[in-house]
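Look for chain A in each of the two complexes below; its partner is chain B in the first and chain C in the second.
And then the complex of A and B:
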């Protein structure tokens, strides 16, 4: 196991390092001038001087390889610099947004994994029936549905129900909540503010549902397919012939072989969900990593862009490692 | 089957739980803390909140947090006292401003002469040393001196209209010099002051202070109870909390407005306005000086030929432009300076005349030849897109193929400025949207100077024009009428050369929920998106 962790750490580090360089190169060749943004759209007789000064401050007057070396060194020493567009420390901008996105994705997967499993088992037990057919069509529709459209529909539905789905928190509560962790659900629970907790959950649920759609139905489809296969395997047939109850066969044998792959699937989807979060955060007027990435790209804010990719890829490595370890725990046959 | 039923029950319970939580939460919403809240949906992220440095969208926040010495409205040609109550021009180069004596900053410290001196000099020095911000507006100031406890003197290097400059929308905000102490800065140019401000703190004297600052998504402003002006404004229904929410997507602004998450929206699609008004929402029309200026690349063939530029200008369906591109929410451009702004001239317009356009094309030697040109517009600017489409169809009638390229604003700017270093890389036509810093015609005409290489996207350079503008600018503090006459002359020169023309000036539309009253004083005509929330009533 130790060998695995060392291997994973080395692989993760090289992946992230390579990614930093590639992202920087892409930003470098893309149109837009970070120095101009840093100088704050200068006017007047000193406009040109302001841009030159900004280039110097940002190190953009150095050769490309020096710029990359400086950026990498700064990142590794924890100095992520200041956001060119928003003039705040990148670490603070990313941390604040990352918490909001993680809160959103956590609820999405709290909804997606159990519901996906339940739906998968339910349809596997009724494969070929009309309910199975309806759910199959439904899952195809939901997987391919444009997320922005689904998000807008959910906003309208919540409005019709008299609920406020936009924003992270009711403005009136925003001045009352005591920030302890930066996760509003946790903070409101810690301070025993049920009213704030409920408000936060109501605003969190619709965007979480939009993000949950893809993992939910992909898990459901996989579980249905996997269980259907397993129901015809010899060990299941034998268990049936021995008179073991249907629930016991499902829980102890068939499902047990399916769960490790579900963990892997959820892990892979989790990273993809960061992309979906970008769209969802904009429509639901929420702060988050996806949103700052988009704003950063529009403004050539390379410290912010590189930092977001760094954090997301670090999450990817951690989630993948965690899913490998969980899979290994659940299925001793798996070698890592 | 029993297991399946259990699954169904569990699923049903989950759904029931979610619905219950939602219903309960909606009930608690109505019995939640009762304070007056207004949510303003603004289109762009905030680029900074240092009152001495910020030169872009930060004004949306700064406008309610900081105050200048005066406000000036060019529409009515009236000054409104802010931190100063009166002023006296002692001679051409010395002005005295009398300050209010009941003003305190957000940290409780009083307004002093030193605060005025510190704020303005910091703005000026930062610009002089780095080129950041709008400190150039104070270039005429030699020193700021204390006359007594509440009177401050401005000693000038050369005559300048310091009353107009002091009411600038950018770079004229006053704040407490205690920022030095709070930020641990050594002197007024220390970068730690900027970091202190940008971390979301405020030290102004305005009716609101910053409570939460996330420039990408949300800014919250709290009512400052000690603001000197509450009794004067007489608004008992002013918001206790202002939320400036960044909502870039116009459709989301509509949805938010209808649902109640947004109270004031500034980027509603024009086509939606009528239906919202019929549903009971209120429409506010604000006259602005926000102009869209069409610029021709004079360093690239064929727009380098004046006759060709005139051919294009006579192909624009000017009479339809406002209705089609802005759905009526705009005023036709004339010359460069916008309608009702100092230096505006009526009648500097071209007419839609395809025969005349063909004549100019013949003179340029391009009649009957295949000509391809390109225009760069800003992504997401609906009016620019419609204009480009209209122009494209008209130019096709002349045999000119127009390629439309759309980019984010930062990229548009880079293409515009490319005219100086590589004219072939710059587009033939480009639209520059522009608004003033303080009320001077020079602010618009600066766009055509030879040394304005970051903003003069036409690449046109005339020493004669530059000299005329410099003379007019210098005369502003001595003989304003003569200065205006020279600015007019400059506009005629630009019109004859036909390398830049204002397409239109925007009438900014705000749509509000029925329970919101926005008084006329809430708007600053110099910057169209900043609302002074002390003049907003929440019913």
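And then the complex of A and C:
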């Protein structure tokens, strides 16, 4: 067991190195002059200076191996340059927005995993019945609605209803809130400001629900499919013939084989959810990874985009490693 | 599982799918969308406007709500939305198709090579699979857009870069099982070249499963393409390419006044995704033998 964990963690670490190589390629394959792109395609009297500065930052005057070492060292120590759009160190901008996105995604998955499991078990027990059909059609429709369009309609509905749960926090509270961790829900709960907590949650829930739709229904569909298959396995038949109660069979035997794959599925969906979170955040006008991408694209803010790329991929490496470790805990048969 | 057996299974699955209503509905939806895409410029009332040209007539017209004359309304510079949505189906469906085929090709070939050749190839390709499967396509698309400029190629490239890994992983796992079968061992004993065995014996047995999976995934690919295009559309200052996702993203800034600019492309996107999902669901259900059984309900 321990050997597996060590091996898996080392593999995760090696993925981070691979990530740095990809980032290196992304930075240096920039056609023309990478320094020019890194500096945000500057124009005007200070342009030459800005390009010189970028060249120094990227180490373009150094030999190749020094460049790679430099980039690795800079990324691992958190020195990611200065954002062109926000005129702040990239690390500060990314950290702030990233926390907002993680808060959103965490709530979505807290909602999605238990609800998906429940829905899946419910439909598996009633497969072939009319309620199963209704839920199946509903889930097909929900999965096929593009989430950003769904969010757009929600915002439009809110707008028409006179509600505007947009943004991450009421502007009045944004000065009042004490930043301890940077996650607004945690901060407001820690400082016992229930009014702020309520406001933050009201703004957080609609986008979180929109993002939760995909993992929820994909987990539900998987559980339904996997459980229905398992009900015909010999060991379930034998348990039935031994007179073990249905509930016990479900909880102890049938579900057991399903859970590890659900963990894996949730981990895989997390990558997909990041794409959705970015877009849904833009629609709900929240700060977060989506807004960074938007600003970065608008101003050709390359250092910012590369940094976000790094941070998000890093998170996904960590999430993936964690899901593998959890899966191993739940299902000892798993091998690398 | 011999080679013939898998082939027959793949064919049978499709035959069984044809008996299902949801599969037929899905095919009907996609067929009509494909028809719209093919006929596009010939049937829509304003083909140039659909392609993105702001004509003088459009400029005079200005943004108009849906009416009998302009069924889906006109956008902020007066272009007929119906023409744009119809011609947009070409861009959206084509991008999805290219991504599916591109990542399938790359994924199957690399997965089979990794599973059959073993050694250094296996290690290297596996590492690449684990790395690329984690990359969020929207980030790659954003980075590529800044470096080489946003375009449809950027979106397609970034999606292929991440989706191939998924198919390669499935193909890899399958080929590791198939390489142990007798017909492979016999072919090896007869002295076939390794590359020949990989493509003659392993690949045909791996391909059906991976292709089935790609049918199931195509709705996700369509929506991911649209999501990235939404992002590009919401930052672009002038919108010409009539891609559904881009149109929604571009119309988003006018959503409270000209709601029809985002609503109708989104509606078509839902229909297309529904078509893909109906097909994908029936394929995944029919290809699993246990789900088809109509046994006594033990449980």
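For the reader, a short list of remarks on this structure follows.
Here, the second predicted complex is superposed on the first by the 252 of 336 C-alpha atoms of A that agree within 3 Å, B and C clash if a C-alpha of one lies under 4 Å from a C-alpha of the other, contacts with A are read in each partner's own complex, and residues count from 1 in each chain.
By our rule, a residue touches a chain if its C-beta (ideal position, glycine included) is under 8 Å from a C-beta of that chain, and two chains touch if they have at least 3 such contacts.
Fair warning: this is a prediction, and the values are worked out from it, not measured in the lab.
With both structures placed on the common chain, the touch criterion links A:37 to chain B and to chain C.
In the superposed model, A:161 lies in contact with chain B only, and not with chain C. Contacts of A:283 after superposition on the shared chain: both chain B and chain C are touched.
With both structures placed on the common chain, the touch criterion links A:174 to chain B but leaves chain C unconnected.
In the overlay built on the shared chain, the residue A:199 is in contact with chain B alone; chain C does not reach it. Once the two complexes are overlaid on the shared chain, A:228 sits against chain C while remaining clear of chain B. By the touch criterion defined above, A:53 reaches chain B but does not reach chain C. In the superposition on chain A, no contact is made by A:259 with either chain B or chain C. Using the contact criterion defined above for the overlaid structures, shared-chain residue A:330 touches neither chain B nor chain C, since it reaches no partner. Chain A residues in contact with chain B (one complex) as well as with chain C (other complex) are 31, 37, 125, 152, 155-156, 159, 246, 282-283, 298, 300. Chain contact summary for the complex, chain A toward chain C: residues 11, 14-15, 18-19, 22, 26, 29-31, 37, 125, 128, 140-141, 143-149, 152-153, 155-156, 159, 225, 228-229, 231-232, 236-237, 240, 246, 249, 254, 271-272, 274-276, 278-279, 282-283, 290, 293-294, 296-298, 300-302, 305-306, 308-309, 312-313, 316-317, 320.
Listed in rising order, the residues of chain B touching chain A in the complex are 1-4, 7-8, 10-11, 14, 18, 21-22, 24-26, 28-29, 32-33, 35, 37, 39, 45-48, 50, 53-56, 127-128, 130-134, 136, 194-195, 198-199, 211-212, 214-218, 220, 222, 241, 243, 245-249, 251-252, 255-256, 258-262, 407-411, 413-415, 437, 446, 451-455.
Across the interface of their complex, chain A is touched by residues 127, 130-131, 133-140, 142-148, 150, 162, 219-220, 223-224, 226-228, 230-232, 234-235, 245, 248-249, 252, 255-256, 259, 262-263, 266, 269-270, 273-274, 276-278, 281, 284-285, 288, 290-291, 293, 295, 297-299 of chain C. Listing the residues of chain A that touch chain B in their complex gives 31-33, 36-37, 39-51, 53, 82, 85-88, 92-93, 96-97, 114-115, 118-119, 121-122, 125-126, 152, 155-156, 158-159, 161-168, 170-176, 194-195, 198-199, 201-202, 205, 246-247, 250, 282-283, 285-288, 291-292, 295, 298-300.
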